[in-house]
Structure formats: C-alpha cells, structure tokens
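Labels for the chains are A, B, C and D, by order of writing; each one numbers its residues from 1.
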C-alpha cells in the first residue's frame, strides 16, 4: 500500500523497454541524437506549435532552470503559492540558480486566486523606482497543484493575463501536468502557451519514467539562455538518448495519458471510498492522483501499522471548515500509474476497520 | 567506427538488465532505497574505508559539486591542468556553483608536474594578506587525464602532498578513473584517499552506464555540504534506485574493470597499429582508452569519409617534437567498452590506405 | 521638518573635520593605514575583548557580508523578523551574496519572541536528513528594531541562546545600535557577544557619519571569510582611512552616544507630544530615535503640506488594538542627531492644528 | 616619496571642501538628491549625449556591476588583457557577481591587439552550438591600461568594432580614464561611446577623490539592470550626496583634468629622469601617471631604504628586449595629483646615487 509518493513507483514497462531498445549501437551525445529530435517533434505535435525542448534528469533542476531563464540577471521576486514545490521543497535551488526571493501567496487547495495574485503584484511591482524592495519578475504556477487540485484553462488564462499585464513572465511547474491534462481533458496548449505560459516543466518521472523532465520553452528567445544555463548547471546529460527514449515511449500512443488516467482513477476510487467511509473526510476535492484526507491520528497509526505508506501534511491550504481537529491529522495519499485497486481497497478496508 | 567519445557508446547489457530488475515494486525515493545502500557498501569495500557516496546523473554536476564542497564559501582559485574538463569543457559550471577562478597549469600529456604545481601555489598562496588576488583553495586532478595518460599512485601522492602542505583540498575528476585503475593495476585506494584525495568523482557513464556518477567523499566532514549542495543544485534524483542499480551491476564482479580493460585493450591495439603504420604518430603514449594521433589532414579527411567518427583536438599539451606540422592535425580517438576489434582494424586499414 | 530618515541627515561637524584632518599626506591603502588600526583598538576597548573589524561603506553590504560569512557554503535559511531590513529592504542582497532563503517571523513591535523563534527553528531544523526543506543556519536580529523598539540584554541573551542550542549562528543588524545602547544604557558587550552575537553590523552612517559601517566580528575564525568575501563583493575601500577617520572621531569621547542620545531625546519629545496631543496615538512605545504614529489621513496630509517629511509604513507589526482604522494611516517619524526641538515642536503644533 | 599607488594619496582640497559644503541640511537619500542630479548633468555635457549614471564607492564594485549588467544571465566569458584589474586584482569579484570566466589575452604594454582579440573571439565564439565551452559575451578594456599606456580613440574603435561584430558588449575600466584623456587630449566621447563602449567605469578615487566611482551607462536599456544589481550588491549609498559632492567638485572647471595632468606631468618628469639616468630603463613608454622601470635589484633596495614606496611588478607584458635580467627587477611607480617635483627629483637623485 504505497501512497507515499508517485516517485516511489518504478517505470512503466514500455519505458523500460524503450531504454533497452535505445541501447543499440553508438549515438551522438549531448542531445544531438535522433531520439531527442523525435521527442521534440512529438512535443511540437502535442502542443500544436513550434517550441524548444530541453531534457534534464530532475524536476528541481528543470524548475530552477526555468526560473533562471525567465528572471532577469538581477533576479527579483517569484510569486508562487506558499506550498509550491519551487519554494517549499527544493532546498533553496532557485535562490542558488538565480538569487530570486519567493513571494508566497496563500490560497485554499494550493491555488492562487486572482485577488491573491493582484495583491502580490501590487506589493512587489515589476517597475518601480524603489530598488530596496525586490520587484516581482516571474509568476510560477503549479498544475496539478501541490494539493492535488487543477487549474482549468480559464483559470490559467486569467492568472497569466494578470501576470503579463504586470510585466511578469510565467512558469508552469508541471511535475504532474499529465494528471491535470487527464483530469481536465483539456488540450495541453490550452493549459500552457495559449493561456500565457512561457516555459513549462513537463514532468515524466512521477508518471512512469525513471528520470525524465522536459523544459518546454514556448518563447524561443529564451532558448539560448536555457541551453547555456543547463550546461552550466550540469544538467546536460551526455547519453541523452536515454532520457529521450523514455519520453519517446511515454509520448507515443498517448501512453502518458493512459498512465495518468490510471493514477487519477485510483485516486478517485480512494476518494470515493473515503467519502463513503464515515471514517475520514477529504481536505480538498481531488482533481488528479493525490488525495488529502483528514482522519483521527489513531486511524492513521493503524493504517501505517497495516503497511500503508503516506506522509502527514501541513494544513495551511485547507479551508477553515475542513481542517484537522485536535486529535486528527492530515495525510497525503498519492496514487501512481502502478497503484492497484487491491492497494486502494485494502487501504479503505483498514480505514473502516474491516481489515488490519 | 565510433571513436568520437565513450559517451557515444550505450550501456552494457548487465547495466541495462539491472535497470529492468530494479523496476520491480515500489522503493523509497531520494536515495533511501536498498540499492543505494548496497552501492555504498560496495564502494566501502572497494576503497577499503568508510566514506560517503552521493549519486548524481552527470559528470559536470558531480565535478562542480565536489569543488563547491571543497572550496570555502568565498571560493578562491582551483588549480588544474589547462586542459582539465572542469575548466575547459563544463560551460562555466564551477564558476556558477562556487564562483571560483581556475588557475590553469600547462603540462605535457595532460599532467601537472610538481614544478608546475609549485609555481601555481606560490603565485596564488592559500594564506596571504593580499586579498586582491585569489587564493588557491583546491587542486583538481584528472585521472585518466584529458590526454589519455595516467598519474601513478606515486605521482598522485606527490601532488596531493604538495597541495596539502600548501593548505589546499584535493579533488579527483575520475570520469575515466576505471580506465586508469585498469591500466595501472593499482588499488583504487592508492590512487585516491591514500594519496590524499578528499573527494573523487567516480564516473560510470563513460564506461558502460547510462547516467551514473558517484561523488565518493572520503572526508566525511564534507558530507553535509555535499548533501545540501546536491539538493540545491537539483542533482538529487527522486527515483535514485535507477542510478544505484547501474552502479550495483557495474561494481559487481569487477564488471567495471572488465569494461575498462576492454576499452583500454582496444586503444592499445589502435595505438600499436598507428605506431606500426608509418602513416601517423602518437601524440602521447596512451595509458587508457584514448589515443591521440598526429596525421596528415588529408588522411583525417579520408578516415572521416570512410565513416570514422572522431574529434580534432588542441595540441597545447603535446611535446614540442610531436606537434602537428602545417599540413597535419591532431585527432582524439576514444575507445569504449563497446568498441570492437573490427572497428579498430578497419580504421587502421583506412589509415594506411588498404581500405576506404 | 525632516522625519523621513536618519540617512537624510548629513554628518556631524566632528566627523567632517576628521575627514579633512585625515587628508594630510599619503597613507597605505586598503585598510593598512594607522587610522584603521586605531579604530580597531577603540572597538576592542568598547566591546571589552579581542575582535576583528571590517569597515565598509554601506549597511546593506555589511549585512549581506555578515550573513554570507555566518552561513555555510550551501546557504540555508536565515530566521529574521518579517520586517527586518535584511529581508524586506535590501533588494535581495543576501539572496545574491549567499543564496539564503529568509524565514520571516511575525512579532509585535518588530521583535521576535522566544515562542516565534522556537517555532521557526522547529519548522526548519538545522540538522535534518530531509534536504528538500532548507535548514535554518543563521538568526538575524535587529537592535534597535525596525519599529524603533529595543531588545534588552536579557532578551538578546535568551534569543541567542535558543539559536545556539539549535546550532544557528547569530547576526545583529545594528544600523541603529547606537540608539539602542543609548536608550538601554547597557554595555555594548552585553548586547552583543556576551549575549551570543557572532557578528555585529555596527552602523555609523545613520548616526552622524557619511558612509561608515563596521563589521565587528567576535568569532575570529570568521575573519578570513569576511576579508575574502568583502574583497570579492567590492566592499574593500582603497582609501579606507576616510572611513576609519569617521569612526575614529565618532567613537572618540563617546561622540557616537552623544549623537544617539540627542536623536533619542528628540524622538521622546515627539512621542510625548503625540501622546498628549489627542490628535494621534503611538503604534509602539519608542525606545530609540523612531516614532510610529497612527493618525487620520487628513492630518498626515496636512503635516506634509506644512513641510513635514516622513513615510507611511506597513502596520503588520502593530498590536491589534493599536492598528490604524479605515481613515487612519501609520507613519514613521525618524529623528537624527541633527533634528532640532524646533522641528519637533513645529510638527506637534501642526498636528494639533495650532500651526500650518 | 610615495609611488606605491595613486590610492595612497588623499583627496584634493576642492573635493574635501565640497564634502563640507554638501553637509548643510537634510537631503533625500539613495541618489534622489540635487547634487546627484547635477553630476548627471555634468556627465551628459562631458560625454555629449544622454546617459545614465550610477555612483558607487569602489572601483571593484563598479567593474563587477558593469560586467554583470553586460553579461547575459548565464554569464559566459569576458575577454580582457591578462593583466587586467578585473581579472587579476579584484579577488574574484566578477566570478561572484556574474559567474563569468575570464579569457585573458596577452599583449605588450597592457594592450590587447586586434590579432589577440580576433583569436580570443574565434576560440570562444559568442554564438555556437557547443555549450561545453563558454561563449565570449563581453570585452573589457582598460584605459589607461595596467601598464600605464593608453589606447587611442582609433585603437579603441577598432577593438570595439571587432567586439560588436562578434556579438560582444564592451566595458571600459576607466580607473585612470582621466589620465588617459589628459594624455591623449581626446574627447571623452571619442574614447567611449563613439568608439563603441557600452558602460564606462569612470574612476575618480585614484585621481583626487575619497571614494567615488561612476558607472556611466551609455546604453540606457541597461539602466534597470544596473540599478537593481547595484542595490543587490550593497553599492547603493544612502547618503549619496557625499559621493555626488566629490564628483561635482571634481568635474567642475575641469578640475579632474588638472589633477590628471599634474600626475601625468610628474610621471613624465620621472620617466625623463630615468631615461637620462643610465641607472634604469623604462619597460613601457608611459602615457599617463604610471612609470614602469627595470633596474638592478640593489638599486631598488637602495631606493626603498631611502624612503621610496613602490611595488615590484610582473614582467609578463614587457617586450622581450626590455625584460629584467637576472639581477634586475621591474618596479611600478605611480604618480598622483599630490605627487611633488621634490619627490620625483629626490627619487631620481637616489637612483643615480647622488642622494640616499
């Protein structure tokens, strides 16, 4: 019963097979191989426009590179949700890459609201003679959010528009973008460049790959900076065909969507079970592969003892009326492409005391 | 006929198989998996002492992290050979990671001499009241060197001793450490910590892995810094078991040495053929898997036309009496675990005009 | 009626005279002059212990250098009050100097409470295997605080002790340290190293100098780092005697305390007048040279029209029962060594409508 | 007999008087004062065009800011003379500010030749798909050079043109720009923006000020970056009127040229004396206020004993036929606005053994 993280899961069989297949013979290094070219073509098709792609092995590297490319040489402030991975979980990577300061914005369910963004932009205006205060230069959104909720294309568009009008560039952390696309049934373009996103971190690792993240750069004027920054950060992989092979198999025949849909379905089954259980309640309405549940501490302990793996989570983004009470705790349950109905059902059985 | 680089080669079958095997089930992320622990144990055995290991996906990341951990917070100067990868081929990574300045030292065959090191240390003394000039803080050596030559354990010891006496820490870039060990038939410990190395970048990628580099930290006081810097640089891989699996298979049963010995043997065969050919001459006596040859430009062109892949190289480190003349060029020929005798022999045949 | 800032004031006559006097003849550059040595001696006497002094021209430079010297090479998190200058008003300097992330702590009147510090330390523990979250490495306090209040020696000691026990180093931003010392009538040592401060930024600029800030380094093991970082940041002044001359005159015969006492007295007079006025109320009980007053917006406008210079201020640190109401605003009124009773009394007259 | 450095000299009387005069009353901080505005106007007149000015206290800060503003966010390589202050004497400041790597170019007399620049540009081309090697992004020239020689307007123009055609921006380190202008009797515009310079570091400190350096930004698109970088680096001075006052007096009535002409004349007198002495020879033909002389070590020792202050210097930039022999040394003799004919003549007398 692994609900700890989607990065505890392995890789899909197709992805593993693609790595084996890519191993035949010699191939040019550092991204000049044919597989990398094919991945770019696939992403052009998927996003319905010209773009530049930079493959890297980690999501933190991808996010930090994206913000470094979008921020001016003097850094400035990056507006993000207070729970955003770039701010809360990357060990200060973006402070290191580009010396930016994060301006965290609160918001229920991991989502920035137009009002929250407005206030942050007004507090740290992009153009202002007062240089003592940092100027906001980038808006970083996350979809699927850290709370497992999704921004719709309309929501994305509104926030991006606000950012653009204020002179900010926009980054989208898409570590679980596949789950958002699968849930919303929206075109990837509608959730990104058509909405106003400049660079997308399109994560594949959590959704069935080994180590595969793509910086999808819609504003091609940024391509040189990303290329140089990636090299300088040590994120240009020599045998890049082995990242490309993962993406190639993952993108082919909508395999990435199949994987995400499965993970989402498992989360939906879990959420439905929790709703019906009477033994726990949902902290947010799940839109993807993550379920956040409030339950008695004793129940959480019992689940762990039964072999369930999950993390306790901070309740900052939970609406006041759903917050854990004194004897309760908030847990995060992540489903992956590899999660089985058996795992979900067993968890629910233990939750309601029908198994242990 | 791929002699372009050992990173044009794929991965060994055992390594590919290990990745498939590692894919079974869930595993804790970020290096807390059992395979990572096993790799650490293997390296403890191999190096005959306690140590800390940090796996990362790229050699540039590994090198830049090593130098950042060894340099003080104010950076200073890193003494290295003028052709060292850290200085010449990593796109300014160490300038970015730790704002160091490289002090390049010339030396025949890619090797720093004690006299060269002495002069650099005296020019940029570690402890000096004059803060206008950078102070040398780290010595970075490379073994196998960029010219395919090897430092013996005695040579390593002498240089490290000089560095230590001058107050410098020592980094060893071991992108081709396996080839050096295989050639010298020396204990890995004798070429590293017994000689005075503080951190080794132990590269596996070029020698039969996909993406696998290990920071082997002999001074465990440096472990916290490496751990924090690795996170901050985005080089902590979430599904780290897939790097660990590569190392595990690579280290088992001396597979890494078998792979390196094969590559070295192919290079020796190539060098012998060149020596005997009368059509080219060796720029350096090769100690590992790289052969540097001086030959007429017309011959180089003919070889390329016949399908040979290799790079032209700068002749800075070539002794005066072996340098290319006006109509000649210096080429680098790299053999890998996957290089075949057929490729080598065909190259030699084309070189002497017996094939095309 | 300048209450805008103490850096709108000029320099004291003694300081100006000292600069003229220091101009005679040649003097060694970069801090090897006799005046710099004398300043060090004066500070040794004042702080009653051995220490190292580094003079720099700006307070932001001094603070960023102090934090860079105290933080490890991997940065980490600096705990500070949410209104601290280092975080809110230095344009991202410390993010640039050492890639740290600030952890802002709320607190009435600009002061961190032991409970607030405890929570921050527990949230970002110094030693923790989870590298995804930044680890707190430094506590940065400000005395006089940004709200014009003072930490007593006991309060300083308690906070420093908490920090030390948690493995953090301590920085004290003393841009208005003179005003705090003058108010508390405490020994400078009691407010710094005896309390547990590692580096003090001892500001002279705001209190009667032109450009003069001193990094007072109590832990001499940090001296090399500060020296190298200062050079690298461009804050080593060539003709340093001209900073030293300012300090020399400022420290002689307790001139610095005289200047601060005058500024404090002017603030006390202003505060007393406001208390008695019925036309405004104090946001905090002033301990130094800054008065924060809540008054009707119309009154503020009238004061500006009458020639008073001051800034509106954020009310985050104001206790709930003193916050500005809908038609009110919070203003900051800073007195300096050059502030006159005439200015103060005129301000008060305009405030109560007796002048305009 | 102070020939150690022009920063061992004090400030001119007019500059000291200007500081006193500027001390009257309150003035807005951080460069919004009237004196700063007047300095800008004076520089607009002097350079015959619109421009932006940023005053800072140190030359190293000014240079590092200039390069940081000119380099892209990914740094790249700065081409400079191998003896350039930015590379050799600023403690790694530019590596810290913008993570650039310096590409040092040799050249007799401290001057880069068109051929030397051509080779550097071709070795590190600005636009190249190979990201492993750093790309040259900035050319940094120094006028007066570190060897006391001057680039003419034509020489400047040729080098800038080469740089521009190759896609590089151009920085001019003018720590002794006044001496170059005074010597060449050229318009400041001809030596800067008309030649192709993007940012000039216009130094006043060495030539009669206390602490006063100006970043003169000809490409106003760079102004925001410089403003933000200056703040972030801690080089925005709060009581900036005291830097502005220095510039104001220094620029008025060509005082800066008078000071430089005097220093140059003293150097010319010294050089003439050396030429005529038979006891030493000039390493370079001096164009400004610096004289480099080769003389027997015994003579140098005798001069020091007689009270002369100077530094021994590296002979890298000396033409082969002028280099110091085994028993000789190369010394640098710097004249300043405060150097007297008595000092010069006494030096010469000691040199030829007529005094001691």
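Criterion: contacts are C-beta pairs under 8 Å (C-beta built on N, C-alpha and C of every residue); 3 or more make two chains touch, one makes a residue touch a chain.
It should be emphasised that the depicted structure is a prediction, and the values quoted were computed from it without experimental measurement.
Enquirer: Between chain A and chain D, how many steps is the shortest route if every step has to go to a touching chain?
Expert: 1
Enquirer: Where chain B and chain D touch, do the two copies share over half of their residue numbers, giving same, or under half, giving different?
Expert: Result for this pair: same.
Enquirer: Return the distance between the CA-based centres of chain A and chain B, expressed in whole Å.
Expert: Result: the chain centres lie 35 Å from each other.
Enquirer: Please report how many Å separate the Cα centroid of chain A from that of chain C, as a whole number.
Expert: 41
Enquirer: Indicate the residues of chain D shared as contacts by at least two other chains.
Expert: Residues 30, 74-76, 90-92, 95-96, 99, 131-132, 228, 231-232, 236.
Enquirer: Quick check on the complex: what are the chain B residues that touch chain A?
Expert: On the chain B side, the touching residues are 2, 4-5, 7-11, 16, 19-20, 22-30, 56-65, 90-93, 95-96, 205-206, 210-211, 228, 231-239, 241-243, 309, 338.
Enquirer: Residues of chain C touching chain B in their complex?
Expert: Result: residues 30, 68-69, 71-76, 98-99, 131-132, 135, 224-225, 227-232, 236 of chain C touch chain B.
Enquirer: Under the stated contact criterion, what part of chain D meets chain B in this complex?
Expert: 74-77, 88-92, 95-96, 99-102, 131-134
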